[in-house]
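Heads up, the next two complexes both have chain A, just with different partners, chain B and then chain C.
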Partner chain A sequence: MKYIKQVLGGDLRQYTMVLALGLLIIIFNIISGGRMLTSSNFQNLLSGNAYVLILALGMLMVIVIGQIDLSVGSVAGFAGMVMALVAKNYSIPWWAAVLVALAIGVLAGAWHGFFLSQLGIPGFITTLGGMMIFRGGVIWISRSISVPAPQELKWFGSGYLPEWGPSFTGMNNSTLLLGIIGIACYIFAQIKKHKHSGDATGVKDPVWALVVRIVLMSAIIGYFTWLFGSGRVGTSFPVPGLILLVLTIIYHIITQRTKFGRHVYAVGGNKAAAALSGVNVKRTYFLTMMNMSFLSAVAGILFVGRATAAGPADGTSWEMDAIASVFIGGAAVSGGVGTILATIVGGLVMAVLNNGLMLMGVGADRTQVIKGFVLLAAVAFDVYNKKSGKSSIIGRLFANK
Partner chain B sequence: MENNSFILQMKGITKEFPGVKALDDVNLSVKTGTIHAICGENGAGKSTLMKVLSGVYPYGTYDGEIIFGGQEMKFRNIKESEHAGIAIIHQELTMIPELSITENIFMGNEIIKHGMVDWAEEKRRTYEILKKVGLSINPDILIKHLGVGQQQLVEIAKALSKNVKLLILDEPTSALNEADSENLLDLMLDLKNKGITCIMISHKLNEIAAVSDAVTVIRDGHTVESYDVEAGKVDEDKIIKAMVGRSIENRYPEHKSNPGEVIFEVDDWCVEDPDVEGRMVCKNASFNVRAGEIVGFAGLMGAGRTELMRSIFGRNYGIYHKGTIKIKGREVKLTSVESAIKNGIAYVPEDRKNLGLNLLDSIRKTVVAANLDKITKKGLLDLNDEKKAAEEYRTSLKIKTSSVDRGVTTLSGGNQQKVVLSKWMFTEPDILILDEPTRGIDVGAKYEIYKLIHQLADEGKAVILVSSELPELLGMADRIYTIFEGTITGEIGSSEASQEGLMKRMTITSN
Partner chain C sequence: MKKRTLLSMAMAATMMMSTFVGCGGGREGAGDAASTDTSASTEQTAEATTGELPGFEKGATIGISLPWLGTQNWKEAEEMFTEQLEAAGYTPLVQAADNKVTQQQQQIESMIENGAKVIVVGPVDGSQLGSVLEQAKEAGVYVIGYDRLLENTTGVDGVVQFGSVKTGELQAQALLDGLKEKKGEGPYNIELFGGGPADPNAPNFFKGAMSVLQPYIDDGTVTIVSGQTDFTECATVDWDNSKAQARMDTLLSGFYSDKEIHGVLCPNDGIARACITACENAGQDIPVVSGLDAENESVEWVWAGKQYSTVAKPTEDLVAKTIEIIDSLQAGNGMPATDVTANNGVIDVPVYELPPVVVTKENAKEVFANDPSRLELLK
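And now, the complex of A and B:
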């Protein structure tokens, strides 16, 4: 057990959900007779859930500062609808319409952020208001009718990466390139980390652990590269998936490696102490809320692209899926705790559940019930562990006894 | 000796946490109707021992036996120990600020008549209990409107209302001013006369000397010494020696100060209370500090010391009316904490847990939290620099921890304070404001912090030391300002100052 611990690195708690996700995929794959782990299913799964996961990225930061945003679905719907309307009525190019939608997101976020940071109205109330305002707004400006979206957006919502290069690889070469870049980045990061591992303490991590870690992760990335790349000709790792990947990396870096990210955690952990350490609490609140609505607009655009039209009910109850992803990912309701990567895992657990149950022919009604229980179980498990001061079951297995 | 003369015997208590033995074969015997003092350094295991006793760590998670009132006890939780008659008054008060005294005292034990709370009866009883602890105030007053000292008395009253036999006070006077402390000690003697046994955990040796009948010293999880004392005959040096395992000749390190130019001046500073309109918490305060000088601020709780310092520190508190700040002769406008830090001011707050630390953070993240720019390269934080900085302070300040990746909550109070000090030293300040830097810290760690303060002064920093402990100010400061109700009432060189002289200025306005 000690060896496994050395491979994975210190904190085993975070692997609980990853393990759960892996088990879910394997179990569903067996039950559904191999229909889970197919190229087309995973391509669909990713492009069909990318927008919720993008929302979850912003929601994680909102929840870490100790707030909540209920307006994201409505803002996404509103931004998407405005984009479709201006493109249709004013015959401006599609990219200009996209910029308008993003601007709407930023403005909506500034509106929420203003009430929260300047007037001190809790995010729950501020965004409950926003939820009603923007939902009403969508229905109002669309007169309850769907509006077709510019064709170019389809590529963003459900498109695939281009085919090029030699065919002997037997798969989409864009996907292959992506996989190779992924593995290379991982190896580079691990080696760099290993180099510095002994800087302060003088004890370096063992080299074999590094090698095992790299081999393991390369195998996983390699497998999914093959899975996404070896589908029907013309398909690849989906474009919305790529957008999600890029955003995830950006937000991971923002939260873990920038001053602003530290401030987000500081404000959520102890507002008064943060203020006394020179953190501008109001600005942190404002920017976090603004960022959330910006990402809502991004999600709205992707969804409209995928659906090829903006509808008056777009985005309904998306906030709930985003919030659930964050909490399944282990964020604390009281703020200060949670990470981007764990949130993505939490969101994928929800997505795989949805997808797997659908493959098994379970109806939307019962799927909803099951998702509810999973959310409760995940959070209860977390709270129980924190309360009793124990690590997770996995952590206990690995404990040095 | 007959066993039944002891109300409590803890025998061979051993408690292990992963990787650390917090208590190792600790024995504690407390005689009925006495005041028993427990002392020991930070992290010596005092609090752990009390948690074992009160059932926070349930039976089975420790080894050894607890005999209370002649019977072996196997507490599974706090409720069971409370039921047996053991009550703990914690360092941090645990009442609900928005509720009244009555509601807090009867919280969980409400008197029910016809299915409803009998307010009249509750109030009547509260009034009686409050009288027992020497408080004659209206039981309808909300807790948040009481001072810390009064809140503590209400906590004790609450314990008394539950027919407590053994009252444990964890550093009861650490947050109190001198008058309230004396009041509390008198109350303890009074309770003793009424047959209630008290265990007092304290760092304040003069208090132990004043009231205790027996002393147990714990060091590194072991019982080092335990003996009875005759009232008023505690040998303080003997206790100190037992606590730290070495003798401290002088509680304040030797220091030769070498003040330079005046680098920090505050002039005519006026600040209004943000909660009470028209009430000024700082009235025309003016003072200055030289480079390399340690300037003390003496004042009773609520005199406005903290308010003054926090309003200077980027207007973190109160509504600014007027006043100027000059740093190295140049007037600066500090309208945010960020600007105060940039101008070389650091403020270590008195309330470590609520204002000084983010308890969710690790040591390394805390150390760099107030100066992230210093480890930022091309917009990204350099985590290796962060770790290096944390390790540096861990070594130089002797922070006791197995790794800087551990959470700050895993540290003892003294080590937490060292982390807070590291955080501010990392901002490379010219002016350091230390608000009660040694509160709730044991003698050994205090000594280390005093040495650190001297070192900072020797590096040419201006140090402002706010303290409730007059001996500390007299032992450390080069010059002392006294403050009373928001007004600076005196300025006196510490060589001419005396405790009586200072106290006089802290209680009466000089004009």
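And now, the complex of A and C:
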């Protein structure tokens, strides 16, 4: 057990959900007779859930600062609808329509941010107002009729990376390249980390643990590279998945490595202390809310691209999916705690659950019930652990004797 | 549909290795059987002959994706499809999407994954399934629209529905007949209601109805007191009865405080009942109201004389026609011939139109003669 702990590197609690995700995938794969782990299913899984996961990225930061944003679905629907309408009515190129939609997102976020940071109105109220305003707006400008979107957008919502190079690889070379880059980055990061591992304690991590960790992770990345890359010719790792991947990396760096990121956690952990130590609380609030609505617009664009038309009901209750992902990922309701990567895992748990139950032919009714229980269980588990100061079940398994 | 049957995570490492030496399973292109992957080659032979309409085995999976089960006709469709497809020897996979577009997209994808040969889609929003349906098409699945047109996509082989313009014409004609019968000679004060704008049928119902009503509006026999005659003004978002009732309440208090309302054009039974209730609450005599779907409650109301008419679009006719098409596909005969097409914004889709039936108190017993559960209501 001690050895396993050395491989995984310290904090085991963060792996609970990853483990649950892995188990879910395997169990569903067995029950559905191998239909879960197929190229096309995973391509669909990512294309179909990228928008929720993108919302979850922004929602994590909002929840970490101790707020909530209820308007994301409405803002996403509004931005998508404006995009479809301007492209159709003013015959401007599709990319200009996308820019308009992103600008709408930023403006909507600034609106929410203004009320929260300058007037001190709680985010819940501000964004509840926003939810009604933008939902009404979508219905108003669309007159409740769906509007077809520019064809080019389909590439963003459900497109694939190009095919090129030799065919002997047996898979999509764009995906292969992506996988190789991923593995290379991981190895590089791990070696760099290992060099500094003894700096504080004077005891370096054992080299064998490093090697095992790299081999394991490379195997997993390699496997998924193969899974995504070896589907029908013309398919690859999906474009919305790539957008999600890039955004995840960017936001991981923002929250973990930048001054702004530290401010977000500081404000969420203890607002007064943060203010006293020179953190600009208002600015942090404003930027976080603005960022959230910006990401809502991105999600709205991807969704419209995939649906090929913007509809008046787009975005209804997306906020709830995003919030659930964040909490399943272990963020604290009181703010200050939670990470981007855990949120993505939380979102994937929901997505896999949805997808797996659907493959098994379970109806929407029962799926909803099951998802509700999973959310409750995940948060209860977290709260219980914190209250009693105990490590998780997994943590206890690996406890040092 | 080709699937990589990859069974266990335990194989992960092996797979990765094979990836890098380049001898992993070959990839299959649509209709491209050049693959060296032997395990999948049997599936491919069937596919390579797509040009000759190969048909498929009798026990094949048939996916049925319905928008929701919140109204009687969809619930009936769910039951009938399950029973009749099973009886015909197919493996039905019937799901409902809770009126959410995303849910329906994912359901259709999972039907493709489950190897469905035909997917029948009653869309939540006919224009928002573009990519998934094209994906189904690429996978060699036949896509049949059920009850509503599938717009904005090339991924549709045909649509089975009741003629929607015709339905609107029948509704308006029934309204005029009812006015003459119940309210004597005109002029009549009436109001217009439309269905949910996301449903491509709704504007057509309205168009059909207006084509019948317009001459009477022009010669003054019929007056629309509120002046709201545009579809977008009259539409009822999501076919939501409560929204229709709220609009009727507003119209009554705004325009009919000193007038009598004689008739309401209602696009379906739920809205018809909402309008009747609103008129009762406002102290008006019950107006002549049209409807659609022959829901149980409205059949009772028609029998009791509260709702003048409804239009039956018997679900069993739709289901029977759909299964007839599935049988033809199964036997390798392709889509049956039809001379009606509808442009869905991208292509012309073959339409299999069925005639709807007007139901009033007079003919209710005949119309439902073969429908024991509804006949039961006529007492």
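Annotations for the structure displayed:
By our rule, the second predicted complex is superposed on the first by the 401 of 401 C-alpha atoms of A that agree within 3 Å, B and C clash if a C-alpha of one lies under 4 Å from a C-alpha of the other, contacts with A are read in each partner's own complex, and residues count from 1 in each chain.
In the analysis below, contacts are C-beta pairs under 8 Å (C-beta built on N, C-alpha and C of every residue); 3 or more make two chains touch, one makes a residue touch a chain.
Computed from a predicted model, the values in this text were never measured in an experiment.
In this superposed model built on chain A, chain B and chain C occupy separate space and fit side by side.
In the superposition on chain A, contact of A:Gly361 is made with chain C only, not with chain B. Judged by the number of chain A residues each one touches, C leads among chain B and chain C. After overlaying the two complexes on the shared chain, residue contacts for A:Ile145 are found with chain C alone; chain B is out of touch.
By the touch criterion stated above, A:Gly336 is placed in contact with chain B alone, chain C being left untouched.
With both structures placed on the common chain, the touch criterion links A:Ser218 to chain C but leaves chain B unconnected. By the touch criterion defined above, A:Ala273 lies against chain B but remains apart from chain C after alignment on the C-alpha atoms of chain A.
Looking at the shared chain after the overlay, A:His196 reaches chain B, while chain C stays out of its contact range.
By the touch criterion defined above, A:Pro312 reaches chain C but does not reach chain B.
In the superposed model, A:Arg262 lies in contact with chain B only, and not with chain C. For the pair chain B and chain C, the least inter-chain C-alpha distance in the overlaid model is 33 Å. With the contact threshold set out at the top, not one residue of chain A is in contact with chain B in one structure and with chain C in the other. Taken together, the chain B residues at the contact with chain A in this complex read 18, 310, 313-314, 316, 336-338, 340-341, 347, 349, 354-361, 365, 369-370, 372-373, 376, 379-381, 383-384, 387-388, 390-391, 403-405, 423. Against chain A, in their complex, chain C makes its touches with residues 1-9, 12-13, 15-16, 18-20, 22-30, 32, 93, 95-98, 100-103, 105-107, 109-110, 112-114, 125, 127-131, 135, 138-139, 151-153, 196-198, 232, 235, 237-238, 345. Listing the residues of chain A that touch chain C in their complex gives 22, 25-26, 29, 34-35, 37-41, 44, 48, 139, 143-146, 148, 154, 157-158, 168-172, 176, 179, 218-220, 222-223, 225-227, 229-234, 303, 306-309, 311-314, 316, 354-355, 358-359, 361, 363-365, 368.
Chain A contributes residues 10, 196, 199-201, 253, 257-259, 262, 265-266, 269-270, 272-280, 336-337, 399-400 to its touches with chain B in the complex.
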